[in-house]
Structures are given as structure tokens and as C-alpha cells.
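For clarity, chains are labelled A, B, C and D in written order, and residue numbers in each chain start from 1.
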């Protein structure tokens, strides 16, 4: 997802490919006006890239911009700019980082200003903040804004009702598609959509293979820190493209090779470490101190074998969902409805329990994000439930996504160390007892 | 009935954290059921039509000591869900047969899942309202949503909800809303006669009393207050905005008035008046309820505003309508809907040159000094400078 | 003899526990944490060694039947006398240091008057020492800083009033000197101090003189035993700053869990309220931590909070509990921001509430916060152990007991008078185990 | 000619001023400040007022209006109370007519106030319930370092390599400071570090009131702290601060609240007289 934090020791073909894709996309965005392309801003969860591609619209994701800025240590001042403009300290920092970026000329990572969007596609999926975020952007850009309300899977059942699906499809047909047609001047062609969806499904198969490779011991990937890179193309502006298909093909090959060699995950420092603890992680990572944070794990031999964050932009492994060229709009609707944070807590909890078991993890770590009520409200109960159902210890740390003020390294390290020592001590005495 | 007596009754209801009056209602007849709901909006008509008592749950206030609630929530989440969980864990809500969690924000949304995990035997429902305001899209979704609620409550109550039940309930609530509007109207006309804390308590009583009793109470109150000898003070007129979900401690509302501000409108307990016009009582009732929400409901932060042109205008409109001199934004700490909405509202106020101040609270805020300080300064400045 | 030492470098106090190979605690030492962590660790260790010497002396005297059955009393006298020696030594140091600070433009022209005032103050301080260390006397605190500081302040205030010297200047000289004195590594010469202390007691009691020989022998022996620091483990808030290699450092959570387990083997839940943190720990039947929670980023409602309150009221922390216990109607306090504690207290008093009621409310507020953290860690299961400095506070304990019963029913609640040493105890046990494991390995190699 | 008294009851100190007013002309007769230091602030307020009267050779009966501000709402002997921001704004304009904003920094609070040329409060921000970065905190640290509050400023100016405190919490920050001492960071560098982080917070407060230029007057006890003033100026000079405000102090800054109260008292006195006159006339 990000060019700067790319592991620099080992340069696999997939990494180079991704780097190139990202750079290409930023160029496309910043040069959109010259290229005669239209830009849509939209969110990662519920992002309708395949649909946007049908209209030749380029996809700009403010969340990704915010995290990019955080990784480049630029988000802090942006957030403060937004707070100066009257935004509260208490609210999601993604929004504030975005607004702050805007006030600083919206400079993309390639150094060029990002043009204003032509349309705001408000896919209101799994997060309340999205709604306010785009209302705020609309105030600024005064461009057409189309709301796609994706109802929450609220009732404890792992089930999408026909009413929800119909509602989303109807909005796609009668609100989203007409607006996009109008903005782009391109007529909607469902066959084009089917083509894109076919590509999506192919890439999704490979992505799932990659994520599930963590079931190996040692795991060849880190499904949280490393996972962030692996999910990048699928979650952003590339789902449905040939490029993404190619990227995942390469990635799959490389990981198959690691498994063969019995290698662990690639880390920013390149070296292979001994896998001592296998963890499942719930909650997004911290972006401002991403490397420092990751290091706290691999230094102590902790590997993340599964994470829910790698499901925010679509859950493909858990219940086998794929975009479906034969049911284009239905599958877009089901995709939106099925995003991780659009699922209710009992379901999220069960998912964690299943991950713990399927990936033979030693414990669950919750990284609770101050910004994100969607993720965070309820995590403490989820932690308890998972502990009770799996008998494995859990731990809880608190950071923020893009606000550097909320990353307290000493504190987090203290907790992680205590947690690892706890797993170790348990394991030893467990061995003695057995 | 004298005002004191009515208010005292309201206070008792307000302070009673084990909801004895509701328990008594339930026990009065076998088979009675109570359905709790969180802010802001659920269609009370349907609960009423099912013969059940809707119980508004607005957190634990400042009298509840929260011990277990904090075990479920991080420090950066507002307080209402933790005190609500505390009410649940301490069995204060053990008589509640169903709980509805409306779509106001991610915190309440997730609370529905927490409730399911913690109290698997309670009928728990996340209640979604549409963000698409076309009758044929959002409206249709909502009608189906309501239908699911109806059948859920039918299962819970073990009896069908008939058309007549629904019609009667709609009429009862239409009357209730008319009286709520009267109270608000009266207060904005003669705020010295109706202190904000009294209106608050009166509206709060509506969260626990059967609607018919509450309507009667409002009638009694208005009749009684006309005769009260309360003198007008040299206060300024303000609107309080942002407290639609977690409620401020009563002391805070009093502090605002003590510091020299008459509150002439607010967004406390909006459920009492969210629907601004009578709901049509003939025809397809679910459709009527749906149409009322889609076409005649007040703006609030969790509702998408499809028209960018009027984004944030609603507050300034209320200021004008109520003849207020300023706005006090009083939002709960960490309340995303209120806090994200605020800059947009403030922009419109700026445009229209309406002064405002903003502070945050928690339902258990203890120190009123900073509140008085801010409200006082605001009042000082309106008073000392309004003529200039 | 082989000794295993655990040092818990806390945010307010540093504790050391010295253990022998049989898991017997021989000595405990405590001092206030200060800016020089090495000194804090050294002082606490030295205190633990002193404690050990007393324990050994106790054993020796018992064995020899030296003091006719009143061994305990004798050792108590000896200890108090010893403490006084220490106190006087530090007082002298402080006085000398203070004198050096009476220079510079701010003192221009007043040097002499201030010098005289200081002499007066210190004379009075020294005069006050014997009664302070007399049998049955209560001291405001165990720490030099607190005892000397409190008295210095009030004597200096009077002195300033009567001589019309600015109080701020006296205060300033003291503030400057105290850090310096505190951070000076303690003077050695334990044997000398023991000797002087002993002389002191003997001076006071003719009976003792008779037994002089019989006492001296075993005492000398006890002092002469070589205490070998076989293995030292550091823990606590400041552990990373200890000059120890990584394998000699343990997380404070694990140490607290283990320490509580050693004190009460059936412990399942541990609450520790320290100066800046409150932790709730769940342990299993072997003392292994299963879950824990602690406050972070905000020190509201921790021990320091009581410190601020005590400062505000100009009394010692250990006087707070007894005062609060007198309350009949607990005031409701909502904000537990430590720094605002003083303001809150003032506010409430200004509103006409009684001091003891407000104090009781403040205690309750702390415990309520702790209850939340406990709940977060998984609640309370039998048995429950309360540790950390605040466990010494009876008002806090009272509120805790009440709330525990209300929320978790009847569970056994353990509070050890030495609970402040829990972390250090766990660390000492880790030290012992580490050394034993090492021994096993060595043996294994040899075999 | 009338006399008015303004009493600012703070958490750290009680400030009292006595004014005479004659038509548009006002004269400042007496000023007194008393650190509270564990005394009863209300009693202290009364004592200070009596001392001020003595100094001016007046008696209570000569005073047309006794105005309180700060925490003096419940004082028994006042004529009326004004809220702190109202009075600081007015006091600031009196002390320095050019300023258009005020930063009031006291023992337990910080307030940024944007005002107009008449001293009207246009917008403000206050620090929250958390005590990090207040005067009390600085005072505690200073005491720990063995420094009097009067010395803080001078020492801070000597810093060559300030070390910024990272903790948000005032209590944890104390430990940070202890850590610093253990790493042999000098007192000036520690104090300056605290000043810098306080200055950043205060500038943030100021920016939050949409003040980015013009002159700002520091009022309250910490206005006397040269180190803080310097840190504020440096903070502004940093282009990242995006402000070009001119930070000003005034030797009588600490009295701003009391002055404002006394002046508003005079204003109200006349208003009340007018109203009374109206009543009599009608």
C-alpha cells in the first residue's frame, strides 16, 4: 500500500509490481484533468472499484491518503490543522488527517496536487463516520455526492436478508449508476462490469491462498503487518484490474517458495526470525509508528497468523465470498454487506474464535484504535469471549491510526513483553504439567 | 395539580435507577412486556400497538457508580454505553423483555451485539432507519424493516398486532407529540415560567410512563405553570444542541440557566418530537410510519442530508424560529455524531452571525464551575454587548 | 550465605526483598524512588540487607537466649535507635548542603540571617529526633525526605515569620539540598551505626549492660555473616533503567502475580495500587498470570492522588486513612484527576462539606476506578489479594471490602502488612529460580 | 467620583485592585496580590480588600461597586460577579489597548480569548478537566528541582538543548522529569522543555479561537514567567505554527481579571443608576 515502508532488503517481484501499480495510480490521479479522467472519492470498505472502472473513473481513497501521510510522519500536523479548524480532539483522526491534507493543498505522495474529486461516492458501509466525512467533503468540494446506504448486519445472524440486498441493489441501479453516468458521460455497460468482476474473483482466490498460507508452521507471512501490503491491491484502486491479478499470481509464487524453504515472514529488516508466538490480531494497525510497532513483534518472535484488519475491505476467506460475474449487482451488494465492520459483534467474535483455532494461534491480541468506534466499541467483550471459548490468553493494547500523540511505545512494549512472557510461562508450566 | 408536585413525581422517576414504576406496570397484569430502546428514534407506535411498554434507556446519569461498564469500554468511548451495560450487569434491567438499538452511531450499533452476547435471552434488535429518502427505495426498505419488527414483537408478545391496534397507537402518539410541541412552544414564549430543568424532567418522564399518562402529565403541567408566579430575569435566550443521546447531568442544565441563559430549545430526548407532523392514521400503517419518517422527521446528525445546499441549516432555522440569541453546543465527550456535525452547523451560524459556544460533558460530569464560567461569559457578552 | 534479591523500582517507592535458598524472606527494604535510580536501588538493597542483619541477629539472640525472653523488644529498640542514627547522619548532611546553597544575588545581604535561621531550624530538628524515634512514637513516613521535609517546612515557616525572612528562600534552599542529599549514595559503615545504636540502648538501660557480652557476641556474628548477592532480579516501572542485563529484568505484572501467590497460594485475583498505576492481575494456582489490566496514560486515582491530597492538607499519607474512616456520609466525587485532587478537596470544603466525608469520597473514587480495572481483567474470584502502597490505607481497604462484597459476594480478601513488597518478593523468587535453574544446568554439565 | 473594587479569586492567588472613576476617566489606586498557599481564599479575599481600603484611606462605604470574578461567585460581600473571561478581556484592553486576544494562564487552567477593540469576548477556548500543562504542574516540577517560581523564567532562558516532556498526563510527566534528572538533563533544559510544550498547547488553544495574528496579551500568574513568554515567542516564530501573533506581557498582567471586574463594576454601577433614574422618572 505504501512505497516508503516497503521492506528494502528483499525486493521480490510482487513488491516491485505493487510499487509500480501504486505509483501509476497516483500519477493517474494527479494528472486526471490532463488525461480527461474523472475522479471519485470513496472508502475502502464498500469500495465499488469494478463499477467505477466501467465509467473510466479513477478511485481516490481518503483513508489510504491518511495512512500514507501517517507513515510519512505528516499526519500529526494535518490533524492539528483540522482541530484548529474546529474539529474535536475526540473524533476519528482519519477524517481530520484528510481535512488537514486538504488545507495543505492535497499533495499526493508523488509531490503533485491531487485534483478535486468529481463525485463523492459515499458507500456507507460499516462505519458511521463515513457519513459525516463525506458531508464535510461535500461542503468543501461542492460536487455531486451519492449515498449508498449499506445496512448493518445487525441481528447476530450471519446472514444477509433479501430486504438488505434489494435495498442496496436498488440504490446501485437508481442512484449510484445514474449519478456515475452523469458525472462521467459514459453509459453503463453491464458486460464491462462482468469482465472486471471476473478479474476480481481471480485475484481474490490467490489472496485467500496467501492469507491461508499462515496455517503453515512456521508461517511464511505475517498476516497483519505484512498483510497490510498483501491486501493493498484488492482493497484499493486495483480490484478488477489485470494488474491485481498479476500481482497476486506473483505473490502466490513467492510465498509458495518460502513455504518450501520453511521460511518465516519477510520483515523490514529482512532477517528471518524464529517463530515463537503465533497471534491473531483484531483491530487496525498503527500507521504513525508502523515499523517500530512491527519490530516489537518480530524482535520477540511473534508472528501474526490471522488478522481481522485484513478483512475490512472485504471478507473473502471466512465464508468464501467472491465477486460473481454472473450476478454482478447482487455480488456487489453482498460484498458491501459482508465487509468485516459491517458484521455484528457476535459474528466478529466467532470469526476470531475460528481464526484462533484454524491457525493454531497462541493468543489473541486486540489493538484498540482510539479513532475507530466501529472497530473498537465492544472489543473488550470480544476479547473476553474469545478467551473463554478458546482457553487462550488475550491482551489489549491501545493506539491510534494516524495520530502520533496516541502511540506510547514504552507502554505498548511493556504490555507486549508482559504478554509474551505470560504465554511463555504458561507454555512452560503447561509442558511441565503435561 | 401544582407544578411542584408534578416535577417531584418526574424527579422520582428520573432518579429511580431500578425503574420501579415500570416494574410495577409490568407486574400489574400477567403477560405484560417491556421493550427498552436507546436514543434517538424507534417507532414507539409499534411497541405500543403490541401492548408493550416502551422504556427509554438513556444511560445511568451521574448517580450510577459504574464499575463493570468500564470493563467493556475503552476510555475514549462516550459514557452512555458503559452505564447502560452497568444497568444490565447489575440486573436493573432484568425485567426488560426486549431491547432496540437504533442506528445512531457505531457505539450504539455495536452495543446491540454486546447485548446479544451478554443477554442471549432478551429479544435484541438492531433497528435500522434508511439513509435514502426516496419512498420507493429507502421507504420500501423501511417498510420491510418495520414489518420485521412487527413480527418480532408479535413473537415476543405471543399475539398478532392488528391494523386497529396500529391505528390506535398512531393516534395516541400523535396526541402526545402535539402536547410536546405545545410545551416547547410555551417555553420558548415564556422561558421564565418554564425552567429548562423542568421541561427536561417532564420530557424524561415520557421515557418511562405509559404515553397516555405522560400526555396527561404534560396537560397538567401546562395548566399549572400558567398560574405560577415566576418573574422574568435579565437572561439571554439560547438553544442547546448536541445532547441528543448521552444526557448531561441535571446540574449542568441548571448551571446554564444559573449563569444567565434561558434555554428556549434543545435536542434532549428527540424521540418525543422527531416526527414533526401527525402521522396519517388511515391506510397502510407501516407505510404511513415510513412516510412520516422519510418526509417529516427532524434533522439530526445521524441522518444523511441529501441536499448539500441546506447542510447544517436546520439549527440556524430553529434559532430564528425560537427568537434565540445564541447557541450552546453541549455534546458528550467522544460523541462522533455530535462532534462531527458541529463544524458544519457552526459554519452556518457564522454565516448568519449567530453567536455560539461549545463545550463537552459526560453524563457524570461533576465540576460545573467551567460550565458556569463558559455559559456565564456567553451570557455576559450577549447582555453587555447586545445593545452596542 | 547465598542471597536472592528482588528489586522493585516503583514510580514512588523502591522496594527490595532478600530471600535465602529456602525461599525464606530475610530482609525487606524500602526507600523513595528518586531521580537517581541506581541510588534508589542501592538504598533499598542496603535497607534489605539491614533488615536481614536484624533477622539474623534475631535468630542468633534467640538461639543464645541472650536477652532473657525480651529479644523482640530489644531488637525493636535497637532498630529504632539504629534508624535514629541514620536520620541524624542524613540531617547533618542536609544541613551542610543547605549552608552551601545560601549564596547568590537572591540572598545578597541576608546570608548571615538565613545561615542563623538554618542553624536554628536544624538544631530544632535534631532535638526533635529522639522523641520521634522513641518507643511507640509514630512517624509521618519512613522516608527521610518526608519526615525531615514536613518538619522543616513548618519550623521554617515560624522562623520566617518571627525573623521576617522570606519563607520562599528557606524553602528553596531546602528543595535544592534535599535532592542532592537524597541522591548521594548512603554512607556505609553499618557496623559502626549498629555499634552506636547499641551504645545508645545500653546507655538507657542498666540491665542491658549486664548482658552486654552475651549480646555482643551473637550480634557480631550476625553482622559478620557474609551475604552473597547470588542473583538479583529487577522489576517495576523503572526496571528498564536499572543497570541490569536483560535476563535479570522481569515484567512487574509477572512479579506481582508471583509475589501475591507466594504470600497467599490460593490467590486468584490481585489488585495492586501503586503510585502511578493500578493493575488487576488474574493468576492461576501456580502464580502464573492469566490476564491483567492496568490504567494507562492517565494516572487518575492512583496512589499519587493520595499524595497530592496529603500535601494539600499538609499531613502524611498514612494519616489520610484514619481521618477518612471517621466519615459518616461519603461525599460523591467524580473527577479523580490527580492534579485536580487538591482543587476538588478545596471546592468541596468550600461548599461546606466535612473534611472526613470528602476524604472518604476521594478514597471511594480511587477504589471505584480500581474496581473497574478489576472488572476489566475478568472480575474477582476467590481469593483476592490487595497489594501496593495503598493497601496500607485503612479507608481505602474499607471501601474496597465493601465494594468487593457488593459486586462479587463473599470472597476471602488478603492484605499483608508487607504488601508493598509484593512485586519485589516475586522478583526475588524469580531470582532464586533463575539461580537454581542455573545450578541445575551446571550440575547437569558436571555429571 | 466613585470608587470600585475588583477582586479576582483564583486557585493560586487572590488579586485585588481599587479604582476611582470620574466620568470617562479612571484611575488605578491600589493593587495587591496574595498567594493562597493553603489558606481560605474567601477570608483572604476579604483581608486583602481591607488592606487595599486601608492603603487608599477609604472605607467599605466609600465603594460604589465591589465586583468579583474568578471563583468569587459565592462571596458574601460583593455587589456583583462577572465571569473570568469577561473580566480578563476588559482588563487586557485596559492594560494594552492594542491587543486583540488574551491568553490567561493560571494555576489550574488556561484560556484563550479572542476579543475586539472594546474588550468584547468573541470566542474562547479553555483547557479541559485534565491538569496537564498548567501552572500548578510547573510549580510542582520546580519545587522538585529546587527552584522557586520566580526563578523559573530566568533559568529557562538559559536552556541550550531543551528536552520536551512526552507524557500527556501531568502526573506521568512528573516521572518523565525525574527520568530526565536521572539522565543528567539540566534544570534549564527541563524547564524550557516544559515551557515549550505549554507554549504549544497555548498556541493551539489560541489558534482554536481563530487567532493567527495581531497582539496577544498574556494574563494570569504565568504571564510573569519570562521563560514561558520566550517559548511562546519562539513558538510563534516557528513557521510551522502558522501564526504571526505578537506575544506581549505586561507587568500588571496578573491583575487583568481584577481590573476588568472593577471596570465592569463601574459600568454596571452607572447602568444601575440609569435604570433607577428611569424608574423614578416613570
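The rule is simple: a residue touches a chain if its C-beta (ideal position, glycine included) is under 8 Å from a C-beta of that chain, and two chains touch if they have at least 3 such contacts.
Keep in mind it's a predicted model, so treat the numbers as computed, not measured.
Novice: Using only Cα atoms to place each chain's centre, name the chain farthest from chain D.
Specialist: Centre of mass proxy via C-alpha means gives A as farthest from chain D.
Novice: Could you tell me between which two chains the number of C-beta pairs in contact is largest?
Specialist: Going pair by pair, the biggest contact count turns up for A-B.
Novice: Just curious, how far off is chain D from chain B if you go by their C-alpha centres, in Å?
Specialist: Here chain B and chain D have centroids separated by 40 Å.
Novice: Nearest whole angstrom, what separates the Cα centre of chain A from the Cα centre of chain C?
Specialist: So the centroids are 50 Å from each other.
Novice: Distance-wise, how many Å sit between the C-alpha centres of chain B and chain C, to the nearest whole number?
Specialist: Distance between chain centres, rounded to whole Å: 52 Å.
Novice: Can you pull out the residues of chain D that are in contact with at least two other chains?
Specialist: 129, 168
Novice: Specify, in ascending order, the residues of chain A that touch 2 or more different other chains.
Specialist: Residues 86, 380, 398.
Novice: Multi-chain contacts only, two chains or more: what residues does chain C have there?
Specialist: 297-298, 335, 376
Novice: What topology does the chain touch graph have (line, ring, star, complete, other)?
Specialist: Basically all the chains touch each other, so complete.
Novice: Would you tell me which residues of chain B are touching chain A in their complex?
Specialist: Residues of chain B touching chain A: 71-74, 76-77, 81, 101, 103, 105-107, 109-114, 116-118, 124-128, 130-132, 134, 136-138, 140-141, 144-145, 148, 301-302, 304-306, 308, 311-312, 331, 333-337, 339-344, 346-347, 360.
Novice: Of all residues in chain D, which touch chain B in the complex?
Specialist: Where chain D meets chain B, its residues are 71, 73, 82-86, 118, 120-121, 124, 126, 128-129, 264, 267.
Novice: Could you list, by residue number, the parts of chain A that touch chain C in their complex?
Specialist: 380, 384, 387, 393-394, 396, 398, 408, 410-411, 414, 417-418, 421-422, 425-426, 429
Novice: State the interface residues of chain A toward chain D in the complex, per the touch definition above.
Specialist: My answer: residues 77, 80, 83-84, 86, 405.
Novice: Okay, in this complex, where on chain A does chain B touch?
Specialist: So the residues of chain A in touch with chain B come to 85-88, 90-92, 95, 122, 124, 127-129, 131-133, 135-136, 138-139, 142, 145, 147, 149, 151-152, 154-156, 161, 163-164, 166-167, 170-171, 174-175, 344-349, 368, 370, 373-374, 376-381, 385, 398.
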